[in-house]
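Next, two complexes with subunit A in common: one pairs it with subunit B, the other with subunit C.
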Partner chain A sequence: MTPSQTTAEIAVIPENINTVQFKTRIRPYLIIAPALLVTIGILIPFAMSIFYSLTNFDFRRRDYDFVGLRNWIGMFTSDVFWHALWVTIRYAFFSTGFALLFGLGVAMLLTSIDNAFSRILRVALVFPLMVAPVISTLIWNLMLNNSVGIVERFLNLFGIFGFPWHASHGTAMMTAVMIDVWVNTPFVIVLIMAGLQSLPKSPFESAKIDGGSAWFNFRKLTLPILKPYIYVALLFRLMASLQEFGIIFALTSGGPGNTLMNLSLSAHQRGFRFFEVGISLTYILFLWVVIFILAKQIVKRWQIAQRTATGRMADGSEG
Partner chain B sequence: MKKIKILLCIALIAALSLAVIACDNNDTPATPDAPAQDVTPPAGSGDFDWRAHAGTTLNIMFNQHPYADTVIERIPEFEALTGITVRHSVTPEENYFDVLTLALNARSGNPDIFMTGAYQIWDYAPAGFIQPLEDFINDPARTFPGYNFADFYEAVVGALRWDLVPGNMVGTGSQWALPMGFELNNLAFNQRIFDEHGLEPPRTTEELLTAAKALHEFNGPGTYGVALRGTRNWATIHPGYMTLFATWGARDFEVVDGRLVSRVDSPEAIAMTDFWVELIRYGGPPQWTTYTWYQAGASFGAGNAAMLFDATCNGYFQNYPAGASAESGNLAWLPGPLPPGATYSRSNIWIWSMAMNAYSQNQDAAWLFMQYFTGPEFQAWAGTRNPDAPRRSVSTSAEYIGVVGASVGYLEALEADLPHATIQFTPQPEFIQTTTMWAATLQDLVAGQYSSTEEAMRNLAERKTALLANVEIPQ
Partner chain C sequence: MSTSKKRLGSIVRHGLLGIWAIFALFPLIWMLIMTFKSEADVMTTTFIFTPTLDNYRQVLLQSDYLRFFTDSVITSVGAVLISVLLGVPAAYALARYKFKYKEGLAFQILSFRFAPELLVVLPLFMIYQRMGLHDTYLGLIWVYQLISMPLIIWVVRGYFEDISVEIEHAAQVDGYNWWQVFMKTLVPLIKPGLVSSALLAFIFVWNSFTFPLMLSGFNVSPVTVAAMRFLASHTVQYGQMAVAATISALPAVVFALLIQKHLVRGLSFGAVKG
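So, the complex of A and B:
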């Protein structure tokens, strides 16, 4: 009720007031309803996954039994699991690391140089993002083929014949990471470029007057302000590379041998190839715990970096 | 005005989406009440009522394969004959069995019919997903008189029978599926390349290894002796490798005291695997671990490989029709190569088949579909497009011999191998898992990850036996 409303008005429209009050009360629930629905849509399968990981549920059997922690103990005592974890960590480390390094480097180059070539590159570099990673992998597969691949033809010019790429135990990880970096670096570039374009001019002008070197500018001005963007890129890339499935599956299905069998591929294999859904879910849930812990840590650091960067941008003179 | 524009856009998108979905729907509406027009029932139908289930809708799942293509091409005729509407989906092989397993596990009865291989029956039949077919086949009221089940080659149709007992070989028990087409595994070679290099086509394993080594980089880097599959799954084990494994006298499992014990570490198994590793290292594809059916066949057809030890029809599709590949017309076939002491090749067999969902609500209509597309008339038509006809009446027909016999040695090799062909694997519930382990071990072995073949095969045998330790075999 507003102060301007009279008693007579209130008496005349009590129903309207009820309606307004009802609408006011219901509004917050309506606003969060979609989020609630999505959350329920996530939480129900999540809870079911935890439940089934404690059973011997198998696609080939109608019934299943509660087996307690047997699947979990089986996973932690299995060489296959520890190998898969090691592959997951190595893959995530290299693919995320290289994507961030290349992304940062290319974004800085493209921002510092403005000519026709860099303008074309800014558009062209986004192309890999427009192709599904599995399709990119299939194309790479063809390009790396020793008989018909264009990369093979190129290497032939330098006297290199029959480079094994993903066919060999020694080079399969490198090949998968190379394709991952090719597919995902543009995402990092776009993100970092957005950060670079939001840099304030005044601190750089002050540093220029004071005779600050390019390295000094990068270390003391650019990097601290870019940190929140780098953390966002790290968060997305690390989460995705820890869960990587499509590129490896399309490239070698986890081979040669077990070279590229990471946690996601192991879970897929146990669930969909061997039908052992209960065991498969333990791999997926373990991966979820790892990602959750890492993501929480990165978000914490991102918040700190965000506050620091905002302070520097507002201050405009630090450094 | 802005809101109206937004609403119009949404309406337009919705309409377009519906149109796209409608176009994507793979069903051709049949006319249940209309009489069958211009469609002649298969020969030998007599008074059989092909329209007994008019108005029913069947859902079929196909793997992407030439055998499926020939069926799909003739679905409109089946619909016109029976008044049954057929909806079908086609899934690429890499994911086909994942999708199919999920669909069957739902126990909803959809799909009514699905394409399967014999090995998958060992998973699906014990799970109760597949309807046994003998009650349909032996019921004259359900099966048209001209179906002639006895016309199927026993080696082919028998491989789709199993008594559900792990360790018992195929050939007895219920008929779980019917063959659409089959594949043996033998040696195809490029006559042009062999002539140019003055080499004789190999008939023994020793000659095969010598020829493969001699043809290493026969036309520069990237060219090699023999194309073989090598990816990390069961498909690497079942063609050439399993054929030679059995011919060498090795077995994958034996039943000992009511348990399945792996025998991949027997002297024969080790000797054969040793030979195979040498063949790959010195005469196989440079990127062997990436070679699937497609790479092996295409490489052979392109003239990069001089030989192909794989499924019979894999090479055939590179040779026929004319212009199918760069080497079309130059390809020829021999029976599987023989190791010392062997007198014939024990080819492993693969059969693309049709099976009926045990939960289908339309089983009688589904049986009409199955008998139409595995019947003599359709098979005779399909036999001129795909080789390896599972019916004797087809493979001995003049038309089939005229078409398939044009590929040099193809029918002769088939004739030599078929009497000894069967599924060489021991049926057991962990077939996919044990063969995946086997393929991964083979990859490790070729890469030199083990000190010897014996060490690798002993390790593999231990793991396979341990995996099946809980599988009890009823006495």
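So, the complex of A and C:
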């Protein structure tokens, strides 16, 4: 038995060439099969969810009728859906945007300084990412608490009392985004740091001699090589923030009122509080389609950026 | 002139980094401090107090916390073990063999990670109730495969791809059979990648919330879900809450320290080879 179609294997002429060929051809599938079965077994629900989104299935009643596209039409004509979509877009935009911005900034700061301070921070700044987001939200909840929270005491020094944070319509989104950014910026930092460490030295040295400005260096030399890393960060962050559930659920369960009801929370509410599984699944399927399309686009751009970057790196090392 | 400018730049950079460090690390430090405060001191938000281990005693000895912790350990370890056993051979096949639909299959496995968890959870909730898997270890371990399997397959695949085929050939020439080649020459080479992706998978599974929230109940309660229920049902003892949070965060933070060098590669599913 050889692991791949090697020359050694081909050189041995088997008695029955067809069975051997069949065996080697089928082997990779056999090796992957267990892993796929375990994961695809879980994917049966996916097919079911498409089916149930066309029914009026309800947890309370065990029978259901086929209702065609009624759930879908109902969703697109309901204010609840459009509100949830708007919340989803804003949440994803701000939390992804700020995480990328801060991640890029902090990573560049970390690589620009080389002393004990930055070396310790390189390790320590990853910690927030390792705490369960739900637990982190609980910690923030305690810190922002108006009676025992330390942030309140800190703001009191500046004459601000009882800042509402997640309790008010106007500041709830900001608070949730802040926690999301706190949890996820380390992910971006780690990625961008890897990118910065892969930068070739020589083009920077020649740019220094040419007297290029810092901004020029960043835009023309650093950014093109960082681009693939930024796309990976964007891909992971955007996909996750579009479907964020844990942080918002732990913070306010979508409140106050419906301020933070994004598509995930609306679907959860429909399914587990109102038991309208059919409608709930329409929300989630819609979200899945959006995520799928966006992911394809970003992956495409990432691949292009990666090709450009490796081209530049090769130029850099030659020159 | 130029040196003082440089000096100023360095101070600004240190300052900005310091501000971020406070924002990122203060909540964790504060949580740690809270764990040592008595219930009376918690309300005062001062940093000067007589430390006590009462909270730890309460949480570890007089509550169900250790049971929740054990549930988390059993489900997380179980999920990662299964993913390693089934995922490593799959990763090998995806790295070494040329076959039809290879990239399609690999991408399919990756896409499990990006599918909204709720999409799976709702129908699975019904299936699990009918199959008796709801609120069981097996049920959670199974659904966790969606988190751990793609991670392990994609990261380990990258490590296999880095190994030259020549090494395998050499081992074959030495008379090793396929299994021996795999265990004796390949596994040692991918070990760092395997260990780091397994630990990262453990962290992700350990921290997951959506799956256990809906697919488990009172029999099996991982710490994430238990902490939420704790907060909802009790008159909140902030110190004990902090202890629960600290202990639940501990394994992940320790593991993260162990796999630092491989963190980028794991976090990006092999897309970035740090």
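Basically, the second predicted complex is superposed on the first by the 281 of 319 C-alpha atoms of A that agree within 3 Å, B and C clash if a C-alpha of one lies under 4 Å from a C-alpha of the other, contacts with A are read in each partner's own complex, and residues count from 1 in each chain.
Note that a residue touches a chain if its C-beta (ideal position, glycine included) is under 8 Å from a C-beta of that chain, and two chains touch if they have at least 3 such contacts.
All of these numbers come straight from a predicted model, not from anything done at the bench.
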Which of subunit B and subunit C A:Ser280 touches, first, second, both or neither: second
Partner chain in contact with A:Ala295 - subunit B first, subunit C second, else both or neither: second
First (subunit B), second (subunit C), both or neither touched by A:Val190: second
Which of subunit B and subunit C A:Met174 touches, first, second, both or neither: neither
Touching partner for A:Gln269 - first (subunit B), second (subunit C), both, neither: first
Which superposed partner A:Phe161 touches (first subunit B, second subunit C, both, neither): first
Touched partner set for A:Arg60, first subunit B, second subunit C, both or neither: first
Subunit B versus subunit C as contact partner of A:Leu109, first or second or both or neither: second
Contacts of A:Gly255 with subunit B and subunit C, given as first, second, both or neither: first
Greater subunit A contact set [subunit C / subunit B]: C
On subunit A, the residue positions that both subunit B and subunit C contact, one per complex: 147-148, 272
Interface residues, subunit C side, partner subunit A - complex: 10, 13-14, 16-17, 20-21, 23-25, 27-28, 30-31, 34, 42-43, 45, 82, 86-87, 89-90, 92-94, 96-99, 102, 105, 109, 111-112, 114-124, 126-127, 142-143, 145-146, 149-150, 153, 165, 168-169, 172-173, 177-179, 181-182, 203, 206-210, 213-214, 223-224, 227-228, 231, 238, 241-242, 245, 248-249, 252-253, 255-257, 260, 263-264, 267-268, 271-272, 274
Residues on subunit A engaged by subunit C in the complex (per definition of touch): 1-6, 8, 25, 27-29, 31-32, 34-36, 38-39, 41-46, 48-49, 52, 102, 105-106, 109-110, 112-113, 117-118, 121, 123-136, 138-140, 142-143, 147-150, 153, 182, 185-187, 190-191, 193-195, 197, 228-229, 232, 236, 239, 243, 245-246, 249-250, 264, 267-268, 271-272, 277, 280-281, 284-285, 287-288, 291-292, 295, 302
Complex contacts: residues of subunit B adjacent to subunit A: 98, 101-102, 105, 107, 123-124, 126-128, 221-223, 231-233, 285-290, 299, 302, 304, 429-430, 432-433, 436, 439-441, 443-444, 447, 449
Contact set on subunit A toward subunit B in their complex: 59-62, 141, 145-148, 152, 156, 161-162, 164-169, 252-258, 269, 272-275
